[in-house]
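Reviewing the structure listed below.
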């Protein structure tokens, strides 16, 4: 396993979504009859059941209160970022408007300024209550350094799920400047499910699972607005990352009989990418840019990474994704565009039907092939005319 | 066989047309003296003989009655789609005109509307009789769900070949909402040859052959106007798909002494692609976009997939291919364009001559190489100037 | 050796120029002190010695009498095509002018018309005498079908080298319509050296060498103006083709003690490509488009393949290469352009110096690496700004 | 180790920066607490300590006296080219201005003219004293043929480091026209550390280390303004080159207990590339184009290779990189651009933190993966909109 990249040194070959394809099954199933339920385990309660295995990313161009309510009602789950504009500003709308209107050359420094405003604890509680008042499941996220503080507030305010998220998560973080989060203790003491991320490796995922989270987020750097892979050279393509972490989940389950779902996060903009992630072993996916296109998204068709506002080393950019339809249309169709970015759930069920998978567990067993030509074979006209699979 | 794509999981490496090339032979033959006859077996009759191993796809921008007659007279076979505009509309011409004139942004919803008009059984019979009246072989197609009904009408009306076609065909389709087609029974009861597709795998192809079809169509998602590979992540590149299914055909022949030809369907726009498909083991090819360029094609230089009008999850797009010459010119030349899209039969016979193959059975034995550089080596000027192999 | 491309079928992996690079040596040599002499063996005479291992292709946009004389005086060898405009027209200049002025959309049919004019035997003799009168070595070429006839005329007129060239050459060509050239007999009966091509495989090259040619041309389809690889799907990338045929040459030499040089023909536009061909084992290279850029070239900066005018299945196109300097500058510099297309001989000697090769035989032993990133690593600005290695 | 590229001939597969990625660690570290010190050994003194492992290339668009002083004060080291305009012209500013203003079509010949002016020995001494007067470490470079002469002058004038640099360096250079530099004698006789380059191979690097240099430069042809790879076909991608030479360094250290650092030179324009080079085993990196973007750079946002002015065979080009900020900002941020070209040191420390490396020696042990999709996975919008990782 691995190729020589030079004298005495080998490297594994890893794969991304565009390099693989899924193989049709020997049995096919009517897509209306497949089951896409995703369950987030809870310690002292029935699992939280989502009808569709899709989460919306904790990004400011994607999720605000209104979006979170809409997403929950449609069967998915949106995560509100506790360190974004929603908890720094009482009226985030005008701040968002500035981001949208900023020129390409000044947007990085504008974001740096905007995110220097401190987070207001009372806004955390307020946003969560607004989501709950909307009749929705409330999921919120923070970085590890603030998890202790924000976690307590969020739980108190009625949040249903808490996400601890950083670019690279491990159980062992070394610092003498500040105290690292004790993940095991944190998961044990929180009464609501804790989702932890992001990670990409077998060993780290296994170690994180030993700390007791409800689920783990998979992916370093694939996001549409993220530049970590260019700025830091860091990351593992999502196919290999998902397969590796699925193996960790299965090994952990074999050892403990506790099933900790993994959620592939980032790099999926079309139905085909989502299908591939699930077939690689993900229990659910977390999607950002695809939802930034929704009428309901607060970014008005713009999208940016949470590492973009970093004061010193921004690792993201603002991209324009456009507004293409309602969230309902993006999730369930009818698709009015031809590029696979609408009706994501229809894509999942149709693909499940074609590979003969009755539920997500069977979908995870789909035969995968390495097929880089899948992107281009026969598609010259689509590429040249920017339609269908060639849409830009 | 296979590469590790992650922990505990391997994937086969698969290939598309652009990644391979054919190796010149040790013997060469005068191209005028090679035999390209393709035979579709019939149960109680001599095989249906086609002088050239090329079928035209059952797509509305390609085949109507006039086109079917022209194609048959030139030695090939065109398949009329029984679920397209020809059988939904008495005067399909004005509907086709609307598709051609529609703006890129509205064409998907227009197609969705157009294809909601129900199929009229009497038009099925009428179209078939028009083809027969033109002195041509009549081939028609439907999806499995309507094969029973339409097959009876078509046979009664004098059709010579019936094609049952869906995105992914298997022998075992599970549904409680509707009754699946019993393929074995259908093939047995039809008096005319039944061609079944599409499929891409060894096992499925073998199982389908056991149901008694006259031929099998190979290919999931390669079509020029198809977006299944992007929308669903599904498909196998055509080189590997053809090689695998040719192996199934040969194994089935070894077991039963019945030879069921395979027809590679989709992904071939130039002579070189057609030659590669045959060299990979196809007995014939089915081509769409290349014929949408014909003067005789009803789409006036536009081309769209049959899954494009899907009400909820369109899996295709409309592309513009232009009108470049007569069908005769596309099949037999003289080529007036320099991109390999005209004189497809001349390309086949010249290539057969250069590899030293006297007939299609020998052509299937051609040495193949993996040669991704074949597309670009020495071709910078053609690419930059959009001429020859760089034509867009 | 080979990868599975599908069930029961393997294919070799083959390489083109852009996928490899040459490794600097442990010893380096002053480039002024390396020897680039190339020798074409003659049966009853000393070998024909060329100071530089470069031939100009028998193409109408490259070689006419004036060009042939200039090339010979500079130490290389230009081949005049006996089936081009020079022997069909007394005043080829006006015909060439039409080709140059033709619109992209009509050039193929114009070429088809121009090349229907019959070849005039007396013009063959006249052109050869004009070259000889210029004090140059005269090399001319024909297709196998006319080799017997034109070979006699050419020899009589004083030609020094005769080239028999077709897209794919083998010793065994099957035809009942016409008599194939008996290559062994032809080589034996001609008094001047016969160069034969084109071929790409070990076995065929070995068989051709057994017929007694002075050298063999290597390459099917790589030419800048050739489209065979797209139209027919046929060809082997030049790195693998050259390595394979060099192995045949060495095996033939081991068996017979007769050294038959191989000349890699096509796909090389820059110095780096020429160096790679020689390092792969070529004894010399034949170059077309690079010389079409010379002030002396008859095509005025345009270039087209000899298969382009084919009446029924053209397998080439006309490209614009521009006129960038004198032939002397293209061969020996000083280079005024930054893309490697000038000073080809300087590139050869500098590269030989850097890999530590004193002569071409040592250069053929250079360590080669597979290095697709060599084209792009660090070169983003050159690509985006179309300078240096990004020149288009 | 190696693939068959043809009969009887194998070639190693080699890798460049864009084909690999770094894997996050099982342990992570606060980036503020990692150590990036790089040490250049000195024979009879403590090593020369650089706070950051980054050198600026000896190129005329990058380094002049002012730049060298600024770079040294920020903790890095800039090398002044003793054969550039700074030592040929008393007032290089006006010459530089001409290069900047020249049209693309005439810049090569302008550079050829400019660099024909002879180097003035008194200017060598003057420039070095100006750097020393600025309170900076002075590093200067020459080609091997002039090292003896210029080395003496430089040492006398107070230089701290002397660099002997040519496209391809070996210990054994054969020439009868001139006397080759005796590298072993030169290193022994110089009192200041001698850095030698460039090289790419294990054996050559080992042989050079045996001559006693303080460090070795790694890289043939990757530079942003270099065209050697196109013009000569020569070079090894930087990942493999660095890994191979790191192996030579480690083997040499094992044998002699003398640690000779290697400095990867060229092909790195963003933080991610620098991180990859260090992770591949480099002790430091040498960067050109990234610094040509500094306010302090003498090229005013233009950049060209030192082989570009070659009178006969230029192997470089002039590219425009633009002026994007101060040198301090490029090294330490705050980054105002989103493409990874600012805050290179922040990128190094953040990446070290994420892979869990406390110092450069640990960073060299980072797990590397082959991951060509890392450039594109999820990044369609960035590519199409030319932002972030798609910046051009």
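Chains: A, B, C and D, in written order; residue numbering restarts at 1 for each.
We adopt the following convention: contacts are C-beta pairs under 8 Å (C-beta built on N, C-alpha and C of every residue); 3 or more make two chains touch, one makes a residue touch a chain.
As the structure is a computational prediction, the values presented were derived from the model and not from experiment.
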**OP:** Compare the two sides of the subunit A and subunit D interface and say whether they are made mostly of the same residue numbers, over half shared, or of different ones.
**Re:** different
Original post:
Considering subunit C as a copy of subunit D, what rotation angle in degrees (nearest 5) results from a C-alpha superposition of the former onto the latter?
Top reply: 90
Original post:
Using CA atom averages as chain centres, what separation in Å is found between subunit B and subunit C?
Top reply: 39
Original post:
So what's the Cα centroid distance for subunit B and subunit D, whole Å?
Top reply: 55
Subject >> Of all residues in subunit A, the ones touching two or more other chains >> reply: 12-15, 17, 240
Subject >> Which chain pairs touch, all of them >> reply: A-B, A-D, B-C, C-D
Original post:
So in the complex, which bits of subunit D are touching subunit A?
Top reply: 1, 12-15, 17, 20-30, 32-33, 202, 239-244, 246-248, 270-276, 279-281, 332-340, 343, 346-347, 350-351, 354-356, 367-371, 373-382, 384-385, 387-389
**OP:** Mind listing the subunit C positions that touch subunit B in their complex?
**Re:** 3-9, 11-19, 104, 108-109, 112, 167-168, 170, 172-178, 199-201, 203-204, 207, 220-227, 229-238, 240, 266-269, 289, 303, 308, 311-314, 316-321, 392
